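Please find the structures below.
Two complexes are shown next, each including subunit A; its partner changes from subunit B in the first to subunit C in the second.
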Partner chain A sequence: MSETFSLRRWLTTTNHKDVGILYLVTSFYFMFFAGFLAMNFRVQLFSPNQSLFTASAYNQVVTTHGLMMILWVLSPMGFAFANYIVPIQIGAKDMAFPRLNALSYWFYLFSGLLLVSSFFLPGGGADVGWTAYAPLSTTKYTPQVGMTVAAMALIMLVASITVSTVNFITTIARERARGMTWSKMPLFTWGILYTVIMMLFAFPPLGAGLLILLSDRILGTMFFTSNAGGALLWENFFWFFGHPEVYILLAPALGILFEIIPAFSRRPIYGRKFILGAFALASIISFLVWGHHMFATTETALVKKIFSATSVAISLPFEIVTIYLIATLLRGSIRLSTPMLFGLGAIYMFIIGGITGVFNASIALDYQFRGSYWVVGHFHFVMGGTVIFALLGALYYWFPKMTGRMYNEKLGKIHFFISAIGFTMIYFPMFFLFDMPRRIFTYPATAGWDFMNHIATIGGFIFGSIQLLLLANILLSLRRGPPAGFNPWGGWTLEWLIPSPPPAQDFEVSPKIEREEIVFPKGGSTEWEDVEESYTPWPLTITIGTTLGLLGVAMFLPLAILGLAVVLASLVGWFRDDFRGKFAAKAEGMGMWPFEKISHEKLGMWVFITAEMMLFSMVVSGYIYVRSNSAVWPSPLLVTNILAHLQGGIINVPGVGEIAIHNIVLGTVNTLVLVTSSLTMALALNAIKNGNVRGLKIWLLATLALGVTFMVIKGYEWAGLYSEGFTITSGLPAASYYLTVGLHGAHVIAGLIAIAFLITKAYKNGFTKESYTGIENTGLYWHMVDVIWLFLFPLFYLL
Partner chain B sequence: MYDMDRTKLYVYVWGILVAFTIIEVITLLAPLTHTVIIAAVITVASVKAIAVVSIYQHLKDEPNSVKMFPLTLLILLIVFLLLALLIAMPNMMVQ
Partner chain C sequence: MAYPPPADQWWGLFYYFSTLGAIIGGIVIAFLVLAAIKYRYKPGKPEPEDAPKPGTFPKDRGHLKYLFVLSFVTLSIISTLVVGSFSAFHVLTTPPDKGLDIEVTGFQWAWGFKYPNGVQTVSNLVIPVNQTIVFHVTSSDVKHKFGVPYFKTSIDAIPGQVGEIWIKATSTGDYDILCYELCGVGHAGMIGKITAVSQSQFNQWLENATKQK
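Entry: the complex of A and B
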């Protein structure tokens, strides 16, 4: 099924190049949508006292523009190229998990559509800015359902990114061709690896914050409206994600520059090892700077100083990167083709954005600049200019490889020069508007801001409209562009050694990298067997079900039930494909040091577990945060004679008043049930490793029974708590208990579904002494659920 | 490791998990300060988690490249929990 215009192909593909193209087209669609919104509010700001938008409409437009550009355009466009290019650059035939790759894409697309749709719902969409600061984002101040749907879109995107992270880490770790050592791996692939590692730790905090926000909005809890939680709780969650996000956007862009600049300078990148070291350093420091977004809050002076120092420090690795990029140019034989022009443009943008960023690390200057157009100018030069120009450079650079045709060079150069002028006209004047607040929808004539806003708006229209030339160039070149050949730029990485566009499986024969040469073994058998192209509808149908489910929870509950049914039916289809071994042939890569002794499924599961643990640790952090900020928190530690109150209930504590503590007996029994289920799961794996299928069935059934028992006890306990008035809206102690334990319960249910599938497969003799991957990985997940409970039990029942 | 050896190991670990769970509850009854109780209970929970991760999840048999993912996170989590609880303690000890 390789017809270009076959709808079935594009809806069911799992091929990494197809998925890459889908990402590219979708991210461009979202870019034009978000860009159109930007041009609208630039009209509003063109001159004082404009009335094109009301305050709320303006805020909705700006919010959707910001969210969409950052999360649905810049990052996914980088991952469009990553999907297409990374597997080829490392000599793989596809991603480690092709179906999950398709699932990531569909989650991305539908989450973006959810965000767009929220814009048109009654009451409008989110109008709280891309930072969604609480308590502004709670129903108290933003009651419209559009805000809820926007938060759900973000949750769906977090899920997409988590799946993508698992896939890329596993692919790069496990699927590299022989001889493709870390030291020989192309820098674009390195950039993507750093990106996904940062994503692994940055997105779960956002997910945790969104879960709590949705709990406030839908279930009526009060995390973000209470004094114990409130604005600072959200800010910590958000910026622990938000600042690394800047480097998550930057790393693929810099990776692209590391490909383009050497290729068009005709010399290898200068200081490769230092660049990789700088990247690593930046990735670590990126998680230590989030507090500089909160200089104006109640942070202590010491904390502010620490974050100021780390914020200055993070500029150091990027200075190294910039200097080495320029040093690569110095003795190069430079060709100013369109990709190179965009690459140089990105460096120019990065220098301006970087230098102005250092100012924001200063506590004193931050008090002046924060919330002003100075900041807007700064972050657009970094996240907009640098990243977009690098991505456009990548589009021109890899367009011949992806399509087999050259683009029109003259149109490309015109596109670059006008884009650079337009972009600078928009954002450079904003540095002179350091006294203009960024979150106003209009301004008075007396402010004196109109001239700079005139220039910015004219620049916006120049930049926006010239992108139509890019579209025209692409469409014309797709039809009439001259053939590109294998390697129009004289590139050195693997993608330039295969036809343009590459065949479905990338390589006829697996490449080997020997010393500084790439070798395609000839004669003899190929190292990877030819694999039939694989198509499956389940990633798409799971996504449709999830979207319906989320919309249903926000607006109309029966829709959620329909969505759940679609997801469950799709999972059955997915598992049936598994059972038939439909995707098994794509499974195993070579495995290079230090990942040669672990299967890619197991590695993927460990990466996923890391993301899950990060999510739970953030939710638990939220619990500890609100608990530490509460004057009194119900705890068995407050009860003098706890032996008399092991079954919990409402207890009158002298000097404190009435408090509700949990049933320690039930909590203990449930803990014992869950640890016993861990034992039976371990015994199930042990049984099949020894070829004992009967033992496998018995232990799996026992695990299922114990898991169900755990949930039944939990249900009984919750029913009792509710009847005593300990409801989710009865205060933060109840809310944090139900949210955290409920999230854990959802994970138990997901594990039970997987175990039910394993039992079915075991009864159909689907496991043998040699083939038990599903048991092993489900076991890893099940034990993770156990480990989480081992902490939740003391935190909620004992302390 | 032979099948029976491994089965025995799993059962021993289960026994430790059960015993430690009971110890956690009994700690509540001990005449100790709240600070000691909190530290003891979290420590015991951490030991239990490490037992599950290293034996049931076989992390001790995995290559170091795999160990680094969960171990880094687990260590961070434990340190973070202890720090957070220490910060929270003044409010938790209101009597």
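Entry: the complex of A and C
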């Protein structure tokens, strides 16, 4: 099924190279879409008082442009190359979880389509900026359903990225060729590893923020409209994600530069270890600087100073990386081919973007810059300049590998020079526009901003239109380009040792590293799975079901039920494939320290658990935030309430009114139920390890029963609270209780579904003494759910 | 041109940053371009000894020594930036004297002002020249950002929170107030005006306004 134009191939593939191509084509499509929007608003801003757009249309266009470029173009394009190249570079057979990889892609595509479609809904799409500041983004000020749909698109993207994260961390940690130690791993793979680690900690917080926003929008809670939460709660959530996010965009780009610059200078990279160290340092600090987006808020001076200092400090590791990249050139024999030109261009952009970043990091200067075109200039030099240029460099660099044909060098060079000039013309003038507010749809003639805007718009058209040359070059070279051979650039990494384009299974025999050489051992294992086996429709159908479900929740509930049915049916199909041994775990690569002893499913589960922990800790942080900002909050710690607490119910607090008190007795019973279920789950695992299938069935059934009991008691509790008028809209104590505990409940239900699958499989004798990974991993997940409850119970019932 | 406080502080710092930024950026970009030109491939030029070979791990290179030198130089430069910023920040956030307090409320889509004696205006603010004006800024709906670009200072207008900045006009005339945070469809038009007049004109204006109240 490897014909190029087989629809069935592209809809059902799980091959990492196919998925990579899908990512590449999709992210290019979205780039042209978002770029087209930008050219339109550059026309609007060409001179004062233009009327191409109304204010409302303009805001929607700017918002979609920003969201799309940052989340649906830059990152996914990096991941196009990551999907294609990383498994080859490390000598893996494919990604650790090929089906999940396809699932990530489909979630990505459909979330993007959801975002685009929100445009065409009545009332229009999101028009609140990519930062979606609350309370503007709540229903009160942005009632249109398009905003809800956009938030759901984001949640879907968060899911896609979380799955990718699990997949890439596991692949890189577990699937490397024999002998490929950490210190021998190619730098592009390192760049992707840094990226996914940052993603693992940054995206769940965005997910948490979005869940709360959606709860405000759909369920009518008031986290972001009340003063106890409000604007600052959202900003902390958003930037805790948002700052690492910008480095998440940058890291693959740097990884690309680490490949291109040495390859074309014909010298090893200068200071490889120092670069990796500096990069690690920057990744860590990136979680400690989010406050620099909030210098103009009412945070205290001390907080601002700390964030200012950390932000200035982060320029040090980046400076080291930049200087070392340039030092790599020295005494080289530099081929100025198109990928190299784009690589050098990216460094040039990074210098300008980095220096202006330091300006922003100055709390005093930022009093003017915040919210002005200066910031727009800064981040376009780093994101548009550095990242896009590096990605274009990567496209030229790996194009011969992916297609087997060379691109046209002359057109490539023209594309580079005109792009670099056009790009600088758009964004450099913005450093003179620090008085001009960003995101305004027009400006008065008296402001004196015309000239710089003229240049920017002209630059925009130069930059935008020259991208058509890239398109032409690609299309032309796909047909007529001269054959590329294995290794047109003299690169050393594994992808250059195999044919272009690589065959479906990449290598004939598994590569191995001996001393400093990559070798393909003669007579090594040549057993590759049947290629036909790696196609499956379920990732796509799960995605379609999820999309329908989300649209349904936003607009028309019956649709959500249909969506849920599709998802469940697809899951059944997925697990039946498992049962039939399709996609059976492949022979594993070498688990390097510290991952020698852990199977890749288990490692994947641990990574996923980390993401879940981040999600819950952010939701709980939100709860702590609103609670500590509220004047009153019902707490059993008040002695007078203890009695009331033992029974639950509503009490009347003088001066405050009626407040619900959670029933400690019921809560305790439920805690015991859940803890016991962890025990039965452990016993189930123990049974099958001893080959005791009967025991396995009994203990799994017991776990299921206990889990259901937990949910029934919960339902009883909630029904009681509702009947006494304590509903999700009765204020922040109620809202945070229902939201957090409800999110936990949803996890319990997901766990129960998984256990139901396990039971079915156990009854079909699907588990043996030797193969029980499903039990082990579901067990881990189940214990996590229980541990989370052990935190939630005291937080909501006792404190 | 002399800038009125606190813009004088801001501009001083901005020039310091810009000078350093232009010099350092210029040097590094020149280093990049010159290196790329100087070491470029010419026909007949031999490959460097340690050139990448397919399938062979490249040698690591680089000295810890240079890393220390580079870090030390960088840290000394950026520490001056931090010190300069903190001292300018102190000025920006500390009114030099008690001054005239104005309560500012941003709303969709204009600015409301309230003088200490209760007089209220919308969009237009009259202030006396050569006197410190302290703005206490909040919002009654969504987030805005109250900015007075001529004075190079601004602060978020956040519902339920009050932020403070100050200015001191040194000459009479009109100054723009702009909103620097997207706040809905009227964001671009959320433009106000500060009119600085002499102390006696101001007193008279306030008296009239108080009578009309």
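What we mean here is this: the second predicted complex is superposed on the first by the 775 of 799 C-alpha atoms of A that agree within 3 Å, B and C clash if a C-alpha of one lies under 4 Å from a C-alpha of the other, contacts with A are read in each partner's own complex, and residues count from 1 in each chain.
Simple rule for what comes next: contacts are C-beta pairs under 8 Å (C-beta built on N, C-alpha and C of every residue); 3 or more make two chains touch, one makes a residue touch a chain.
Remember, predicted model here, so these are calculated numbers, not experimental data.
**Q** Looking at the overlay, does A:Met452 come into contact with subunit B only (first), subunit C only (second), both, or neither?
**A** It touches nothing on subunit B or subunit C.
**Q** Check whether A:Ile323 is in contact with subunit B, with subunit C, with both or with neither, and answer first, second, both or neither.
**A** second
**Q** Given the touch rule stated above, what does A:Leu113 touch, subunit B (first), subunit C (second), both, or neither?
**A** neither
**Q** Is A:Leu672 touching the first partner subunit B, the second partner subunit C, both, or neither of them?
**A** In the superposition, A:Leu672 touches subunit B alone.
**Q** Could you look at A:Val553 and tell me whether it touches subunit B, subunit C, both or neither (first, second, both, neither)?
**A** neither
**Q** By the touch definition at the top of the document, which applies to A:Ile759: first (subunit B), second (subunit C), both, or neither?
**A** The answer is neither, since A:Ile759 touches no partner chain.
**Q** For A:Val620 in the superposed arrangement: first (subunit B), second (subunit C), both or neither?
**A** Touch status of A:Val620: first partner only.
**Q** Counting residues of subunit A in contact, which comes out ahead: subunit B or subunit C?
**A** Tallying touched residues of subunit A, the top partner is C.
**Q** Flag every residue of subunit A that touches subunit B in the complex, lowest number first.
**A** 173, 594-595, 597-598, 602-603, 606-607, 609-610, 613-614, 617, 620-621, 624-625, 627-633, 635-638, 642-643, 655-656, 664, 668, 671-672, 675-676, 678-679, 681-683, 686, 689-690, 779-780, 783-784, 786-787, 790-791, 793-794, 798-799
**Q** In the complex formed with subunit A, which residues of subunit C make contact?
**A** Subunit C residues touching subunit A: 9-10, 13-14, 17, 21, 24-25, 28-29, 31-32, 35-36, 39-41, 45-48, 50-62, 64, 67, 70-71, 74-75, 78, 81-82, 84-86, 88-89, 91-93, 108, 141-143, 145, 147, 149, 152-156, 158-163, 165, 178-189, 191.
**Q** If we count contacts the way the header does, which residues on subunit A are in touch with subunit C in the complex?
**A** Going by the criterion above, the answer is residues 54-56, 59, 127-129, 133-136, 141, 184, 227, 230-232, 262-263, 265-274, 296-298, 301, 304-305, 308-309, 312-313, 315-316, 319-320, 322-324, 326-327, 329-336, 344, 347-348, 351-352, 355-356, 358-359, 362-365, 367-368, 370-372, 435, 437-444, 487, 490-492, 494, 496-497, 513, 516-519.
**Q** For the complex, which residues does subunit B have touching subunit A?
**A** 3, 6-7, 10-11, 13-14, 17-18, 21-22, 24-25, 27-29, 34, 37-38, 41-42, 44-45, 48-49, 52-53, 55-57, 62-66, 69-70, 73-74, 76-77, 80-81, 84-85, 87-88, 91-95
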